[in-house]
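Per-chain residue numbering starts at 1, and chain names A, B and C are given in the order in which the chains are listed.
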Amino acid sequence: MYPAIIENYDAPKSVDEALQAFAKRGSESCFVAGGQSLMQAIKARVLSPKSLIDLQHVTELKGIEYNKGVVRIGAMTRYRDIAADERLDGAYQALRDAASHVGDRQVRNRGTIGGSLCWNYIAACMPPTCMGIGASLELVSKAGKRSLLAEEFLHGPLETARRDDEIVVAINLPAAPTTCGSAYKKWGLVTDALPVVGICAYIELGDDRRCRVARLAVGGLATGPRRAEAGEKSLIGVSANDGLAISKAAETAATSTETQSDIWADADYRKKLIETLGREVIVTAFARAEQGKRS
Amino acid sequence: MNYVGKQPGWIGRQFNRKEDYRLTTGKGQYFADIVVPGMLHLMFVRSKHAHARIKRIDTSAARAIPGVVAIVTGEDIRSEIKSLPQPVVVPALPARYPTFWPLAVDKVKFNGEPVAAVVARDKYVAEDAADAIEIEYEPLPVVTNMEDALKPGSPIVHDGWENNEMFALTFTGGATPDSQATNDAEVDHLITSADVVVKGRYRVHRCGVTPLETRGALATWDDADGMVAWITTQRPHIDRLALSDVLDIPTEKIRVIAPRDQGGAFGVKAPFYREPILVCHMARKLRRPVRWLETREEHLMSVSQERDQIHDLEIGATKEGRIVALRDRGLADNGDGCEGVYWGYLMPFLGSALLPNAYDLPKCDIKVRVACTNKAVLSPARSFGAYPTRFALERAIDRLARRLNKDPADVRRVNLISSLPYVTATGVHYDSGDFLKVWDHLIKTIDLPKFRAEQREAWERGRYIGVGFGVGAELSGVASSVLVPMENQPGYGAATVRLDPRGKVQVFEGDAPGGQGHETSMAQVVAQEFGIHPNDVTVTHGDTSTTPFGSGTIGARAGSYTMSAISTACRVLKKKIARVMAHDLNLNADPDDFVFVDGSVIYTKSDNVRKTFREAVERIIMAPLNLPAGETGGLEHTAFFEADAPMICFSAHAAFVEMDANSGQIKVTRYVTSEDVGTVINPQIVEAQVQGGVVQGISNCLFEQFVYDEHGQQLTSTFENYKLANAADVPSVEVHHEAGTPCPHTPLGSRGLGEGIPGAVPGALTNAVCDALKPFDVDINELPLRPNSVWRALKEARRAAAG
Amino acid sequence: MNKEISIIINGEVYQHSVPIRMLLVDFIRDVAGLTGTHVGCTYEGVCGACTVHVEGEAVKSCLMLAVQANGRTITTIEGLAVNGKLHPLQKAFNDHHALQCGFCSAGILMNMAEFVRTNREPSEAEIRNALIGNLCRCTGYAHIVDAVKDVVGGAGSAGAARQ
């Protein structure tokens, strides 16, 4: 219910200060972003950090920048601000789909994209979405910088490639051709619940208006978020009005994804959800790709 | 001459609640808001095991933490506190009552049982200390399945018991084994020879109505004056008696106060629990104030768990759909059974007693068995045991209708009780009401024929919509004739009405509301009686030092019993005021010749003969001279109300759903109720009770479930896992009470409602789902109702159809 | 383990030395003595009864530490009415009987106060969606939705809200 004793609290104003703080406090420190997941763990005493380094005042980590088609989202950008940014359409619209339905509006006022990715909870929306849209993460430490694709960064539930002394500073979305669309949908027992299954589809159309690149990323899995590669392959060459092929692709994604049973759904039903939600997001992604990017 | 007041009456009129100002501005006084200087914080350590012997408890590290004042275990208190059962909290029903203390002694019997308690000056430190306590257990075999628990060879939950059966009862066929055997044979014959028999196993999972405010107890002790305890309880007077007996505190030295504002209760705060006993004991032992505030995790692990019944139910019927006989074998999972007053089994007891519901079923054979397992004991939840029994019979009726290819609405109507009063085959008395009128109003409101036409059309286009029905004949208060044997407690409603010299009124009553708006509706009743304004009336409740004895806010007592006591007391005082006035004005008049209206007392035979209410009252209290012979000064009266016979209130529900036949997803599109609440005192409050009760019923049916794994570990101890319906999950309920009839047994004609509302919901919802998916012949008889289970049922139905 | 912090709550400065681990909701209730904000769950932060405004935005105060609010401006339910004048939502809640036990009400009012300020004429579905972060056990949500509808607009409503 109440956190264990916390000895230190730092509120750095820059990434450098944050890294200094970590160096000073040592490995029993935690960075805290929005705290909507981390605080649950700290209050439950699942985690009992000696020091907290609060990133909420590091303004350089906030905001969304558009530069020659590349989008750079500061890691401390809140769900609410992602959801409201209408420039995130077409190839990136899945991000808004996901961000606008995380938790509830109070959570969206505090929770951040960086926090969600670093926590990589089994039932989270940002991980599969970032995987699906081909995002990469920029990490910084005293030793230097590095960039990892979302699928390199995200491991099993609650595990990522981030070293304790690293801070994720930004999520970079690659420049996408105008004929791209993405979409995300999830299912939970109650409206907007943590996803039992969440799936992101990304479709890029060629000049022939057929799918040239497809990505399907599934969250809610005991394995951690996963690409459904067999499903992706079967979308290549498919056009938006080919309902049968789309259904088959969704089905393939479902059957080829390893699912688990728990109190929310049995493994078979999870596959059913991957299939039904998968079909919906693929259709939407195609439609958005056909519309072309507006900005 | 009839004097008609200019001011409209207060009964049946919308009147904004008086409670709201403080509750919407942050000035409510809930349990956690009460601070006593120097109060210490108590935190429980709870068992991680579902069943284990306690080998060793090491508190040395915990004791060393600065700020820790005391730590106690079961061994420490077993000689200091009397164990339960104690007569004061034991029903007069034949059951086995397990011995238990507030902390586990010898062994733990469920994951979450309190094992030790820490008292510290700071609540955060209390948790640090609780974490530092080391307990060594020797795990024992665990039983988590109620059927297995009753099989030979099962692990035994209570040492010394030869099996896990805590309670068993036959509800029908009279009082002797012979009469019961005769009845059972008759029922068997009727069923066997019936045109059609519908047999099924109906299962409702473990869920309940957890309130948003958790429990708490804060006790102070003074060697001279004794104990004052604030407890989140629905029943302060009962708790006071129980604490007095268990802790050997003379009753004059113990005061229990239910906080003025409570964040919901729904039955969860009615039992006599372990924790307040220990808190009071520690306050006395330490001679310092001690407070326990329950965490949500503790709460979800130890209380609010109800339903959890299996019913093997058979009905025999004519081919017209008229049920001729019913046989039910009920089974309930009662966890460790350790709970004062209710002992968990009273819920399945009452549920089976109410199984016949509003249907005319004179020939029944109903039996129940209640098993102990390694889980938390059942604690009361709104609908009190009847949620599963309602579900079972409503599903059985729909399945009967399907067999006979009739509309379930028609089969229901043919079986509804058509004339009251009525006594069920289980001996429950229904006092009054016109069930058919209420039912017909529902059917008319939803325009069933039109819906059936829409449904047929929808099916043709591959859309699956459906309607399902449920009814409830629910307790409207609980008479002494039921409460005395069931709980060793009286059922009367009691209230003191006190007038003051300025013509204002104070009402004192001993129950403890948790959101029902009693301060407002009671003020409306008093205002109506005296012809004054509800703002001139205040209500004090829940404090055993200042209120008359009340059995508590349970079973919808307020609307039926307590209101009636208030109104009775007002009428006694009115008669006195009238007598004095007649005497003062030298009128040869009866009390009936005076009306109280528009702030005045008026002689009806000549309406310029009048006094203001204030004048009339002030004269009797402050200037009691020249009173009529035999009359004394003062204007205060305490009345007790008991109804002639137990009373009910009836409602009929219709749930509409749209189903996705591919994924099994359920959408509740519309929900309509038709209620008989008798005379309505405050229409908004009545409607709100239905809105809330139905949504609880929906939430239980679709979302909530307490889950134990095969080792008895609880998986649903946070709101992330025990999911309540949110605002986007449910529709607004369309509530209709136009078809009600006044109750002939209460002074105002009012009925108590609220208690049983969720009970009609699971039948209505599940029936709607099966109705929508009728083309697939889906038959669902187990809850929770989840898309996953619907999808599985559809798969199986398709497989069966394919051959 | 302790840190000196300064938080403005309802226009008043609270300057205290508090344990770093103290939750913001406990600072509000126990240190500032403002008990209108409630705690309904343990650590999961799901029930929303603890919702307050931080810089005018609705957040769950049980998911923050007091030290995280250092230097911030907070509004609690006690600060929703200004100079005794009730917020239109508070009045609408009374008119529409949008509360029974009242335990969830402060959190809902604070959430909705931000919502109505930032959403003109939302649909019923949007209102219900906005309420997801606040659990209510008593009302079934119907009257709460009616009260919010009354405040946000539509014919004959109480008018758009001003914070």
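Everything that follows uses one rule, which is that a residue touches a chain if its C-beta (ideal position, glycine included) is under 8 Å from a C-beta of that chain, and two chains touch if they have at least 3 such contacts.
Every value quoted in this text rests on a predicted model; they were computed, and no experiment measured them.
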Chain-level touch network, classified as line, ring, star, complete or other: complete
Comparison of A-B and A-C by number of C-beta pairs in contact, larger one: A-C
Intercentroid distance (Cα basis), chain C paired with chain A, Å: 29
Rounded Å distance, chain A centre to chain B centre (Cα mean): 44
Residues of chain B whose C-beta touches two or more other chains: 124, 295, 297, 720, 724, 726, 728
Multi-partner residues of chain C (at least 2 other chains): 19, 21, 42-44, 129, 132, 134
Two or more partner chains touched - positions in chain A: 1-5, 191-192
Chain A contact footprint on chain C (complex, rising order): 1, 3, 19-21, 23, 42-45, 48, 51, 57-60, 62-65, 67-68, 70, 111, 115, 129-130, 132-134
Footprint of chain C on chain A - complex, ascending: 1-9, 11, 32, 35-36, 39-40, 43-44, 52, 54, 56, 103-107, 109-110, 191-192
Residues of chain A defined as touching chain B within the complex: 1-5, 45, 189-194, 263-266, 269, 272-273, 276
Footprint of chain B on chain C - complex, ascending: 19, 21-22, 29, 34-44, 46-47, 49, 76-78, 80-81, 86, 90, 93-97, 99-106, 109, 125, 127-129, 131-132, 134-146
Partner chain A, residues of chain B touching it in the complex: 123-124, 127-128, 131, 295, 297, 662-663, 702-703, 705, 707, 715-716, 720-721, 723-726, 728-729, 786-788, 791-792
